[in-house]
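Both of the next two complexes hold subunit A, though its partner changes from subunit B to subunit C.
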Partner chain A sequence: MAASISRRCVRHLSTFPLLNARPGYPPSLRNVEVILPRVPRITEGNEPQYPPVKPSMTSGSKAAKQARRALWIDNVRSSDTPVEMIYLLNKRQRWQEVIKPFSLQSGYGHFFRDVTKTAVVDELPENIQTLAESGQVKTEVEVLTERVIELLMVESFSIRRKKQHRIIEHKERSQSLAQNILNLLISHLGNRFPHLTDAVVDGRCQIKSFWERGERRMQFNGEPVCSVRAKEPLGLFAQTTDEVCNGDVEGWPYNPKEIGIFQNHINPVCFPGFKYQPGHLFPHTQIYGVNFDLDRAERHNIYQEIQDNFGLMAGYAWINALAMYQGYCWFQDIPRPMTAQVIYTDGNRFSFYCYQANTLDLSENGSPWNNVCFQKTSLPMFTDVKDGKVRDFNVEALKLLVAFLINSPERH
Partner chain B sequence: MALQSLKGSILAQQSQCCFVLACQSRRGYRPEKMAQIRRDSLEERKSLSRRVYEKLGFHPPYLDRSVTFEDIYNKEKRKTVPEDHPLYQKRPAYSFSAKCRLQEGLNQTLWLTKSVLMKDKMPKSVSETVSNLSIPNMEQRVTEAVRHCRQFDTEEKVIKRERYIYTQIQYLQRLSQLLGPELSLNQSITENHYVESSWDREGDHIQVVGAPKGILVSSRHPLSAAASTEEIEATRGVEIPTFEPLAPTLDLQETHIYQPYHNFPGYFEPHPFPHAHTRVISSYMRWPIKHSVSKAVMYTFADGFSRAKQIYGKDYNSTLKTPVVTQGIDTDGVNFGFVTVQINTLDMDSKDGVRNMIWVDGENPLYEDMYPQDIKIIKKKGMKKNKRQVVELIKKRDPNLGCQNLDVSVFQKFLAFMSNK
Partner chain C sequence: MNGKVNKSACVCIGVIYDFKNSDRYARFLPGGPQRRVFFPDFYLKMVKPQREHPPNVVVFHCPVQMTKFDVKNYLEKIYNVPVERVNTSIPFNPIVRDHQNRRWMPRDEFKVAFVTLADGQTFKFPELFAPPASEDDDEVIDSLKEKEKKETQALASRGGLPSWFGI
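The block that comes next holds the complex of A and B.
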């Protein structure tokens, strides 16, 4: 009686089957600490007379594998140029997870938070909230509202567009809106804020980056509409002594196959939109368009989650790729945190993400900090376009856009 | 049971022919025997479902298709045009699309648009301001633009032509916004803008249709006239050269299905930027200059013509009080061609009257192309004339040669075009 009740009380807290739940699972894939042989303490009368026994580099023993890995890590840390470092990291082919942050299972964002060790905050940081309500932004927004309304009308009503499948229509509409708005703002604000004219703007490039978390290697492939890079880094959104940066991130012990993230066995690629070129190596802002079936996502009530996870992964992957071009990786951590801003549009709704990467070292005993992502999801810019007029234009979305671009890099 | 017996009888027929076709060589057989073999093998080549339908006597569904073998291979039937189409017209129209290469180049465009080539390469109001325009750190910025587009854009070794033209146009257009805040407030940019215009030219109906790859810059206010009224009157009655025995509608596509006298500037009203300012066309195909420049001329003319018809009305066919001016740029990534078109009349049918004007400035290289080319052409003995074997991708040249002999005056001309009023 008691046994049957206890069995009924056991519930699986998720629909996914547990990975590594069977007892006969191979030990190499468990997070096992390496147990070294016990060595006695060295004291005055106990000094060794012979040098330590080094393992041979060519045998298949556990000690030899550790020694080879240690040699590889030393080579990575002592490489002269970042191109050499990237070659040493990616010259070996391994099984890796290819990440596209879209799936229709609810609660899949837990995997991304675990893999990049991030904590999520539901508000934008204080720097940007004060900027958005300051006098500078108000003067700009007064001049720009008319122009942006005209742009919205042109994009959604006036121009003749070829009849296509609805998924392709959504894509093209969001991408053209994103590009035109950014071009407008950069050209208009560039006369007064010189950091925008000195910056480099990449249009429709591909962003690829890879990193390791424990035994897994991840590869991210993204295609933003526009990305702005600056010479100097942006200011911090949160200090490293805050509570947010010193917390624990829960693990997600299930198989990523359940979400739709599959593996491939090929060399990973690090490409933040351009070949290695010294200068302009810090991220500023990035804007993404829609790349999937919107109607299907709204039917499953998962659109908000998709947006959040997109911003999170895009922020981390971009920072990771640019940090590798500066010579930092998960073996050699960045000395000070790096920040980036990501915007995601739909043609109508805007969502804003501020990502701060405190570490690239994602191992268990690596660093005490974790990464942070500030988010604000789905601010609609307008509700409808009818009879040649845009209805219910929302000024807050414009204010935040302008604040994101005005946010100038500061010197540390 | 019935099906099993059917199947058995069909397979039995098949097995009778089998032993004959098992022999690989059939050279020694009599012609009567060869005919019999051919008749028997027909049955074997049929599918089982077809044989079942024929045996049972039902009508097979694969014969109900609308397109039959004869429709495809009957050449006479392919050339005829369906007269039941609601837009079918008896008189054919000659349409110019983005893939038309005119044999006579500029001379043919002059005849089609009833215009005169001016001696100057650019109108005076524009050529005077070229040397005065500048951006801070102009040379450094243009070299960075060229390097960014040609060298640092991919993880592969060679960047394709279509891609580097696209990025170059965007970068240079973004640099031109640094001249002042007026440009961003009075201009809007669209990609692959569609345009359609049609007119009569001495009895022939001519049409320009398409959405060529590139940018259209449209503005709130129209451009001012580039030539004075005296010069317009001087063009009255000037001879337009013909090139006999060639017909002037050579290389244009002939169609019977079209909407006559249809002019559409590419946007629906109300549009806050109705005047077409400049059209930047990317010629990513490897065409000689005369073909790419004539394409730019035809599309800029179509932009202005459709706008003029919108202002003055559909049935207006005489001289304009204020001429309509549009500009066009034709890029190759390296070479830039600058075109301005002034429309003085909408009366294209008669031989008399005032002519339109065209200024052309072709062959302006921005830099010397030291970067690796996309392709190289190989000709070896014994090679087929197939294009894939003759054309090969180059991957071995050094991309760090850099852009040499940069010509900043070409960029100043670009700025003058974008900031023209």
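The block that comes next holds the complex of A and C.
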């Protein structure tokens, strides 16, 4: 009996030895070492006879919380419609970082790249570059240069704009140019490229989108000028086997408050510009104007950073919102990569972004792929409009605009 | 006394505001007189940050009367450090009442300034002291065990009773 008792004793690490160390005591009970019962491993002939102990769904224990979360994820994955899935994801209010496609504090590019798991390439993809130099685009551009120059003259001289604060003037100038150029190009090209007439063109619709990356949840609010949605997906800009799609994206482990990005605690919203409607659920092209103080950005030397990071955030958020309308989210990844084209203009310079979302699952042990943003920033279309003339009209910018719109699913 | 004042004999005292007993210094409005303050009680003390900041952020303590513009000018003009922006916060300093119900502040007040450096500069607060010995070191554990053994050996013969109680 003494021997069996000794197996259950616990080791003492006190400065004084046990009282039972004195000579009269049996040696088996003196300063016993810990001998815990060994838990046998479950093997084939050794299976437990009772079902596993499941955690209670209502308790506050860690296991219960994990079980509830697992059940929630199962429900999200097995939901019948996208609307139901979005409701399950956003019915609970949480703390989330509120993001716009730009920020007026420097150093936020690193955060944007971490939060969308994006690698940035400073060149446009090969298929867009070849398309821009192709004969088809050249013929279109020959006719279009005159009409675009006419448009720029009309924008500068003929439209009567009310005298307003310079921030609002910049905003209105850039947004009206963006809208009018896109309208002109789509109506001109629609004849020969039927995917443009089949597409849906949204006007100034807000884009709202939310996603999770680890412990953080993001809520994106964007205000593009024009969004073109198509029935079929655009082709890929890079294969998933390429190096670009299989790299590591550096983490940004600091508090987003440091770069002026703050949280709110309300239900997140998924709104790609329209209420849920099956049909045109693939992104094609989107154009943004200026929605911030351009002078301040230039004064504080942040404008180049804004142009470098605009497309990667706007592109990912738009793709994410449309993918959620198709029934995919970070628990249910997209089966094949989705691509989108984003353009940003400040009334003068154009920036072109080709975003490829290989995965929506941004967790650490999620997908081996990362998302990619190919971009070409700060391409001026003209320098000035003076004395009844448009100076230094740059055909390259117009070629890329036309190439973006001509780019269709049939080409791939 | 004569009515005339010898202006050349007047000496400028300098400090108009007593920083310790006031909340702010004289405010300048365009067109008003420039009330310069010479030798103000301004200091900037660099401290080790208590949480992780991006590499271009440096943390200072400064007097509560200093504003963000003061911190920026101080660093740019005296030390030639390019500053992008300054964020400040004043930590809570409790007021205490003594046995005669008089209010006083046992600790000095200070303001924390988080300075973001410009031009891509970075700074890391240096390690001033050697890191403490970790508990996983086998050497540390062995030395502690030996110590314990020596101490207990002396007491074993007395059944664990310390010698203070003995003769």
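Of note:
Criterion: the second predicted complex is superposed on the first by the 362 of 412 C-alpha atoms of A that agree within 3 Å, B and C clash if a C-alpha of one lies under 4 Å from a C-alpha of the other, contacts with A are read in each partner's own complex, and residues count from 1 in each chain.
As a working rule, a residue touches a chain if its C-beta (ideal position, glycine included) is under 8 Å from a C-beta of that chain, and two chains touch if they have at least 3 such contacts.
What you see is a predicted model; the values in this text were computed from it and never measured.
Of the two partner chains placed by the overlay, neither subunit B nor subunit C lies in contact with A:278. In the superposition on chain A, A:106 makes contact with subunit C only, while subunit B stays out of contact range. Of the two partner chains, subunit C is the only one touched by A:254; subunit B is not. Contacts of A:60 after superposition: neither subunit B nor subunit C is touched. One of subunit B and subunit C touches more residues of subunit A, and that partner is B. When the two structures are aligned on the shared chain, A:190 is found in touch with subunit B, with no touch to subunit C.
In the superposition on chain A, contact of A:52 is made with neither subunit B nor subunit C.
When the shared chain is aligned, subunit B comes close enough to touch A:150, but subunit C does not. Residues 148, 151-155, 166-167, 170-171, 174, 177-178, 180-181, 183-185, 188-191, 193-194, 211, 264, 266-273 of subunit B touch subunit A in their complex. Subunit A meets subunit C in the complex at residues 15-17, 19, 21-22, 105-107, 253-255, 258-259, 300-301. Interface residues of subunit A, counted against subunit B in their complex, comprise 147, 150-151, 153-154, 157-160, 162, 176, 180, 183-184, 186-188, 190-191, 197, 200-201, 203, 205, 208, 269, 271, 274-275, 277, 388. Looking at the complex, you find that subunit C touches subunit A at residues 51-54, 56-57, 84-85, 114, 116, 118, 148, 151-152, 155-156, 159-160.
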